[in-house]
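Both complexes shown next keep chain A, but they swap its partner, so chain B is in the first and chain C is in the second.
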Partner chain A sequence: MTDSTVAAIAEDAIAAERAPRERRWIAVALVAPALLVVGLFFVLPLVLSAVSAFTAGSAFTTAHFAKALDLYGRDLAFTVAIVMLSTMLIAVAAIAIAAYLTLGEHPRAVAILRWLYRWPLFIPFVVTGQVMRTFLAKNGMLNHALIGSGLIEPISAQSMLDWRGIVVAFVWKQAPFVTLLLAGAMAALERQHIEAAQNLGAPRWRVLVDIVLPQVKGTLLVGLVLSFVAMLSVLSVPLMINPNSPTMITVDVAYRINTFADYAVANALCLLSLVLAAIGAAFYLRHAVQQNTRS
Partner chain B sequence: MTLAGRFATPLVRALLIALFAFAIFGPLANLVLWAFAEKWYFPSKLPLEYGFTFWQRVFSPRGNALASLGTSVWIALLTVAVSLAVAIPAGYALARLKLRWRGLILLAFLLPQAVPNLPVYVNIAQVFYRIGLAGTITGVVLVHASHGLVLAVWIASAAFASIDDSLEEAARNMGASAWTCFRTVTLPLAAPGLMASAIFVFLESLDEFTGTYFVGVPDVMTLPLLMFNASMGGNYQIASITALLLLVPSIAFMLVVERFLKADVLAMVGR
Partner chain C sequence: MRVLSDVTLDVARGELVALLGSSGCGKTTLLRSIAGFVTPRSGSIRVDGRDITSLPPEKRGTAMMFQSYALWPHMSVAGNIGYGMRMRGASKNAIARRVDELLALMQLQGFASRPVTQLSGGQRQRVARARARAGDPALLLRDEPMSNLDYKVRIELRHELRALQKRIGITAVYVTHDREEALTLADRIAVLDAGRVVQYASPEDIFHRPASAFVAGFMGADNAVALMRDRDGTLRVTRGSGDGERLVAHFRSDTARVDASASQPANGELRLHGRVVQTLYVGQGWRYRVQSDDADVWAHAEQRIDEGASVAVIVPHDALLLFPRAATAG
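Our next item is the complex of A and B:
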């Protein structure tokens, strides 16, 4: 052992004595810049939003909320309905695909599905909007496929660029994301339980419902809550597919600002959508708490 | 299984897969058709004429596409630089050092993904307008970075956490300083994970619409905004061509994501 290593070991021993307090400060210093960015450019604007929504001049008021609900109450209900419906359809699609990827017995079908499902994963919302604008239009490929296969008459072809278009765009874009998370969680499960159940003769849907799904419920919820929140704040898709009333809250916010520079009502609408997101998050938190108390 | 069932099952399976393929690729194929359509009226199923006239228009010096592409890429690169500069130290501290309220800090970095972003963009646009950052590249980069940071911190932290500490200890025992050890051992080992987080941040910035829509107007014209304007103006060809340009990096990354994001890093996300 050379002198320098001895010295280094000694130094390390001294450092270890001193470490707790000093290293804690280093850790704080390393995290601080990132926290500052989030604080300044995310938390602060959120606080300003609340201030703006509740004040007129310098007095407290709830008038902006009254106006927002009066003008856009219907759109708020429309937004809730669209996002809830989309979330449910995403859950169904993600469970179906992930389940087949995990329990499917035909290796080639599983491989094809695995290759297929993730294409929309990184396609931005704004491009999804444009894609669906062409696909779901009266002259779009969907109608031509339906007419070509004899499912509908040419005369009954109709544009789906309304609430249905928004839902289709949301599900097409977000289902692969939830599927990716869910399939990952399912792949990490212990195969023994699944195999044991299958050996006992349980049909695949029973294995899915009784053994697989209960173990990946948390992952599914995280994916759904993140999608729910993302869909609540998407502006491009509703603007491009269905900009006329009734439409989604995000379109109304943009309209209040661009047309009237009415930040107060816009912020009241924003806070209302925050409340919706909070309700979504509460579902997740309740599940997480249950999970913690059980384990 | 009955005899009929034995033949029916593969048929049903093939049919379902074909339907699924149509659901995924139908919309994309429609976009590609529009990009090459010279003329396309109802009720013809396919474009009446194909050609590159609109591509020439998009890429001509007077078309704004190339300038917008340049702006978008420049903003995305700056966003990656800003995000990683603050996310690498933060990720390292969260993964390796003792930190009080670690869970709370990780949660704080989740905020921008877990809260609707619209109120943030609306109000930051107002603040930026007052301090002269509205309509500037800097303003847009700051907005993109605060959003991209989340992914960057979480992935960086997971990448550092997946490294075996005994390698660092070995380096330290041989007399390397903390900085040398980080630079020559930790950082190279975490590089694939950090690369993945850089690509995520890059793509998110490249594709970002709402923030740029509020903060960037009227001077910063990114590719998504250009696409949106073309689409709303009813010019489906220009919109589809621009959309295809935006799709290239997204799909390229989708195909290689697993090479960068190894299972061992994915398993550490959020731990």
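Our next item is the complex of A and C:
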């Protein structure tokens, strides 16, 4: 073997060693813009928010949390209650609609429902809030319809622009989203699974409870967690329907900033709502991990 | 779209009837209409004299075994088998007893709590059979239950099913496109073609006395030769017309032999002279495709003959299945 051959082999070896290192840099360069966006617009504001919530001047403090809980503890509980109740009602509505789409006997009714249920998906929360104001007010469309049909007396008409209005708005807006996911999962089930149960004597509701729901519960959970987190962050609906105490903490955050420029308490409230969202996210992640393990 | 028309079938108690036909002939639709998943536009379906035509599937008292087995993956073996009894309000003890009994019958002892996703194809098939039978249904419906199994398991299962059928006498309708399966398992076979029952008879009758050229072809007599029967009963191979009865003769290739030795014609046999155009080795001898001006047939021989050789295909008269030939046919 000549010297030049040895040198060539050595060069090749160095090049081969260098190649993965170069590839690594290309990979980092490709990921960098996305990382930068996440870092600048998500992680940094979150860290700054947390720092602001835990500091007074430059000293560490929990006073802002104490103040937030003192002033808005009731609103925090109200928020949890509203969002939990809405999530449960969304689950009921989504299961009912998706079940009819999957197990319904009348093709025309199924087609109409399939066309109708998606409409609220395309309407923003702020418009939903406005729609509910005209629909649920004391002299709104709902009461007009009830009085007109003779179901209630004009004297007993009452405004539903309180916690009930928020729940109705949330369910109306979010149920189609969960239904969309759930109906897709139900449609993907093998049809013969349903027929086998019917064939063995199961009525439709038993088919739903015993056969269909256990196989799509993962999708239902994901839809509900995503809705839960989305509803926690909505400002427009509670602001338009029920801005007075008790109200949702998004309204309180807006109030602390707009009226008092009190970013520290506002940030403390935001972190508390992040903890709530994190509980939902934990469910979501646990399910995702279970699915990955199974597949 | 009309899938079935003029279908009349009666199934005696304890009888296994096979619906046999090629893909798209309507046999699965017929089974699904008995199960209640398809509603017929006219006619009626009766079980034990009770009209079930307008009843939903869950109230029919029939049990169906699906081609894909349709076992519920989120339930255990016992959960799957006992579901039908649970729907009928049977007690937990009764369900457990019946599940144990069926698991023993299906040779699946110890599998009760196993998830069905951990079973082999053959085991799943057994669980599906047990599930369909758990509630002692008045009528068992089976939609190609063996099509997903490999050949060896299928053959074993055929024998096992036939023995079980003889012993227990389950009333069942069995859909298949496999003629051997239908012949082995069924007490009677209904051959379907384009949504109609073209013959409904015992396996022996269907095999030896097919009612039409279609049934003969479907049951394996797929060699067809145009013939003329003279007044004295002589059969002549001809596509043309003339005095005599125009016929088409069907025969199975294993009843015909290829003769390359120019032997003397004998009485009681049909001779077709032609040339070997294709050779297939089939283990017990060879199959030859022989073409002549009047016919294109497959026949059997134990010895090897080269392609291109002039031969005679000899079919005994009693192996010929004769049907009238339409005037327009060639």
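In the analysis below, the second predicted complex is superposed on the first by the 255 of 295 C-alpha atoms of A that agree within 3 Å, B and C clash if a C-alpha of one lies under 4 Å from a C-alpha of the other, contacts with A are read in each partner's own complex, and residues count from 1 in each chain.
We adopt the following convention: a contact is a pair of C-beta atoms (placed from the backbone, for glycine too) under 8 Å apart; a residue touches a chain by one contact, two chains touch by 3 or more.
Model, not experiment: these values are computed from the prediction.
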| item | value |
| --- | --- |
| Partners on chain A (chain B, chain C) - clash or fit | fit |
| Chain B versus chain C as contact partner of A:A202, first or second or both or neither | second |
| Chain B versus chain C as contact partner of A:Q130, first or second or both or neither | first |
| First (chain B), second (chain C), both or neither touched by A:D210 | second |
| First (chain B), second (chain C), both or neither touched by A:A77 | neither |
| Partner chain in contact with A:A27 - chain B first, chain C second, else both or neither | first |
| Touched partner set for A:H144, first chain B, second chain C, both or neither | first |
| Between chain B and chain C, more extensive residue contact with chain A | B |
| First (chain B), second (chain C), both or neither touched by A:Q192 | second |
| Closest approach of chain C to chain B (Cα atoms, Å) | 8 |
| Residues of chain A at both interfaces, chain B in one complex, chain C in the other | none |
| Chain A-facing residues of chain C, complex | 35-37, 56-60, 62-64, 66-68, 70-74, 83-84, 87-88, 131, 135 |
| Residues on chain A engaged by chain C in the complex (per definition of touch) | 190, 192-193, 195-203, 206, 210-211, 214-215 |
| Residues of chain B that touch chain A when the two form their complex | 13, 17, 20-31, 33-34, 40-45, 82, 85-87, 89-90, 92-94, 97-100, 105, 108-109, 111-124, 126-127, 142-143, 145-147, 149, 153, 172-175, 203, 207-210, 213-214, 224, 227-228, 231-232, 236, 239-240, 243, 246-247, 250-251, 253-254, 266-267 |
| Chain A residues within the chain B interface of the complex | 4-5, 8-9, 12, 20, 23-24, 26-28, 30-31, 33-35, 37-38, 40-46, 48-49, 52, 106, 109, 112-113, 116-127, 129-135, 138-142, 144-145, 148, 154, 157, 172, 184, 188, 225-226, 229, 232-236, 239-240, 250, 253-254, 257, 263, 266-267, 270-271, 273-274, 277, 281 |
